[in-house]
Amino acid sequence: MESTYIAKIGSFEGPMELLLSLIEKRKLFINEISLSEVTDDYLSHVRRLNDFPIARIANFIIVAATLILIKSRSLLPEINLTEEETESIGDLEKRLSLYKIVRDAGVRLKELLAGPTIWERPYARNKIPIFSPDESFTVENVHSAIQSVIANLPKKEILPKVTVKKVVSIEEMINSITERIAKEIKTSFSKLSGHTGEASTHENKVNIIVGFLAMLELVKQGIILVSQEKHFEDIGIETNRLSLGADNLQQAANN
Amino acid sequence: MQNTDTILEALLFVKTEPISRKKLAEFMKIDENGINKALASLKEKLSGRGVRIIENGDSVMLGTAPEASGFIEAILKEELNKDLGRAGLETVSIVLFKSPVTKTEIDFIRGVNSQFILRNLMVRGLIERVPNPNGRSSLYQPTFELLRYMGVSGVDELPDYKAVRDSLDNFKATTESEEGGIGAA
Amino acid sequence: MQNTDTILEALLFVKTEPISRKKLAEFMKIDENGINKALASLKEKLSGRGVRIIENGDSVMLGTAPEASGFIEAILKEELNKDLGRAGLETVSIVLFKSPVTKTEIDFIRGVNSQFILRNLMVRGLIERVPNPNGRSSLYQPTFELLRYMGVSGVDELPDYKAVRDSLDNFKATTESEEGGIGAA
């Protein structure tokens, strides 16, 4: 039972695919509410990813972070999110909508691929080749060309440094959101004390939040896995606007 | 002038690979406007024929009518492996409908690093990388090979091409300002 | 029946050498009488076009219209003179250092499809294709003329030959062990 379940998660290429499938399973539209509803499911999938390559886990965790924000806001609308956090929520909705468009279009492309092919005329010049060198073909140029070919050979899939940095910073974000939630609960407790009749629903809500906090711990375990990634080599050229404290960089480099 | 499209057809027949309108204009010693007219006229003459013009960006080439596909497989004793897998299909779909598109944009939509799948598709000759006139990051676009595999003679023959492209563009304004942000996973 | 000549045209388009009516009849699953009719009808439709049917005894093939011959010469001549660019140099360097090498290996090393550039290099007598004793796919190697032009008597005289060859062979080993994995982004 367990193994078939894992195989099922493993079949998700990336976080968008998983997220969209969770939303569609519940026949929901893509919006903040539906995202918050599937957050728990998503996180429990991520929890089971531990056996997968770090790079793949990292992709799932990055999206998990945004879902956590969405869920936090749905549980505690009073919670203060930074501008960047709010932006990342909007981004996720947008990305998921884009992903759905291309995935749906992909289904039709697959049908086309299964259909007839347009063939090209094969190259066939049965003439004897006339030796016509290119004057750039010197020993020196050929040697430098092969050096750059070798330099450009793809390396094994190594997690880009920017991704590791980003994932490590998510740990910070989770710590901070945990704090903010704890604080919110306290304030809303004191606000609510004295209101009779609402106690049971309130208690229920607190239970949900506590369960959610426990879930955050699980995500952190995934982050630890990623931050332990040893092969540090920048293969991405993307820039990243993520700002990170020197401590985290140091910590990441030491791991 | 009357036989410009005749010469154009002969040139494309001999060339057997994609050629840009600019190159054609050079060879035929007419301007690009003349090439466009000749292409339009040839396209019309080829309608319902066994051969047709395939267009991709600025370039054109000749290919066979899709309805002959099965017979050709038999005569060439060749069958193409057109299976792309899910990651390939997703990526190809982005490249077709958003072309020219950067890796960052592809990563942004897919939520994963597309480095390997992009390389794989390039090795198969289904997409190609072209220099970005506005920046450092390369752009990806579909190849003739990809269009041929799908049996279409241009991207605009893809189902709902305009609608899909428009709906993707609706998000464009916002995603562009964030290039290099979240997507750079 | 109406589109028999369409399919015939497509078949002749991809068949770059003469083919007998009998063979055509076989592939098109009609009798020779049907082929003759289709040929007559195609001949009519091709009149005034850039491509025409050439008949030689029982065999037929497609060829270009004579009035295009001047332009075609120009396009063929250009193939011999144009600058092969970075792609050319890169591909030649791989053929030199890893000879004999298959197209698949070259594609994998370069990360792009090398179909057209290999053609160009062959047309110019810089590399040649030889049968592969161990498989279907042909092997590419430099021509003697190229080595002589570069002033070396064998590939092993190229600088760092052993080291470069080792790195290329190593890459092959890694990709092979991970093949299938490489596509999964």
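In this document, chain identifiers A, B and C correspond to the written order of the chains, with residue numbering beginning at 1 in each.
The definition used in the following text is that a residue touches a chain if its C-beta (ideal position, glycine included) is under 8 Å from a C-beta of that chain, and two chains touch if they have at least 3 such contacts.
Just so it is clear, the structure is predicted and the values come from calculations on it, not from any experiment.
Visitor: Could you say which chain's mean Cα position falls nearest to the mean Cα position of the entire protein shown?
Guide: B
Visitor: Greatest Cα-centroid separation from chain C: which chain?
Guide: A
Visitor: Need the CA-centroid distance for the pair chain A / chain C, whole Å please.
Guide: Computed from C-alpha means, the inter-chain centre distance equals 43 Å.
Visitor: Averaged over CA atoms, how far is the centre of chain B from the centre of chain C? Could you give it in whole Å?
Guide: 20
Visitor: Quick one: chain A and chain B, Cα centre-to-centre, how many Å?
Guide: Centre separation, chain A to chain B: 30 Å.
Visitor: Using the touch definition from the top, which residues of chain A touch two or more other chains?
Guide: 13-14, 119-124, 154
Visitor: Would you please write down the residue numbers of chain C that are in contact with two or more other chains?
Guide: 10, 13-14, 76, 111, 119, 184-185
Visitor: Name, in rising order, each residue of chain A that touches chain C in their complex.
Guide: 13-14, 119-125, 129-134, 136-139, 141-143, 145-150, 152-154, 156
Visitor: Could you list, by residue number, the parts of chain A that touch chain B in their complex?
Guide: Against chain B, the touching part of chain A is residues 13-17, 55-56, 58-59, 62-63, 88, 91, 94-95, 97-99, 101-103, 105-106, 108-110, 112-124, 154, 157, 160, 162-163, 166, 235-241.
Visitor: Taking the touch rule as given, give the residues of chain C at its contact with chain B in the complex, in rising order.
Guide: 3, 5-15, 27-28, 45, 48-51, 62, 64-65, 67-68, 71-72, 74-76, 78, 107-108, 111-113, 115-116, 119, 182-185
Visitor: Going by the contact rule set out above, which residues of chain C touch chain A in the complex?
Guide: Touch list, chain C to chain A: 10, 13-14, 16-17, 76, 80-81, 83-84, 86, 88-90, 92-94, 96-97, 109-111, 119, 122-126, 128, 143, 145-146, 149-152, 158-160, 164, 167-168, 171, 174, 178, 184-185.
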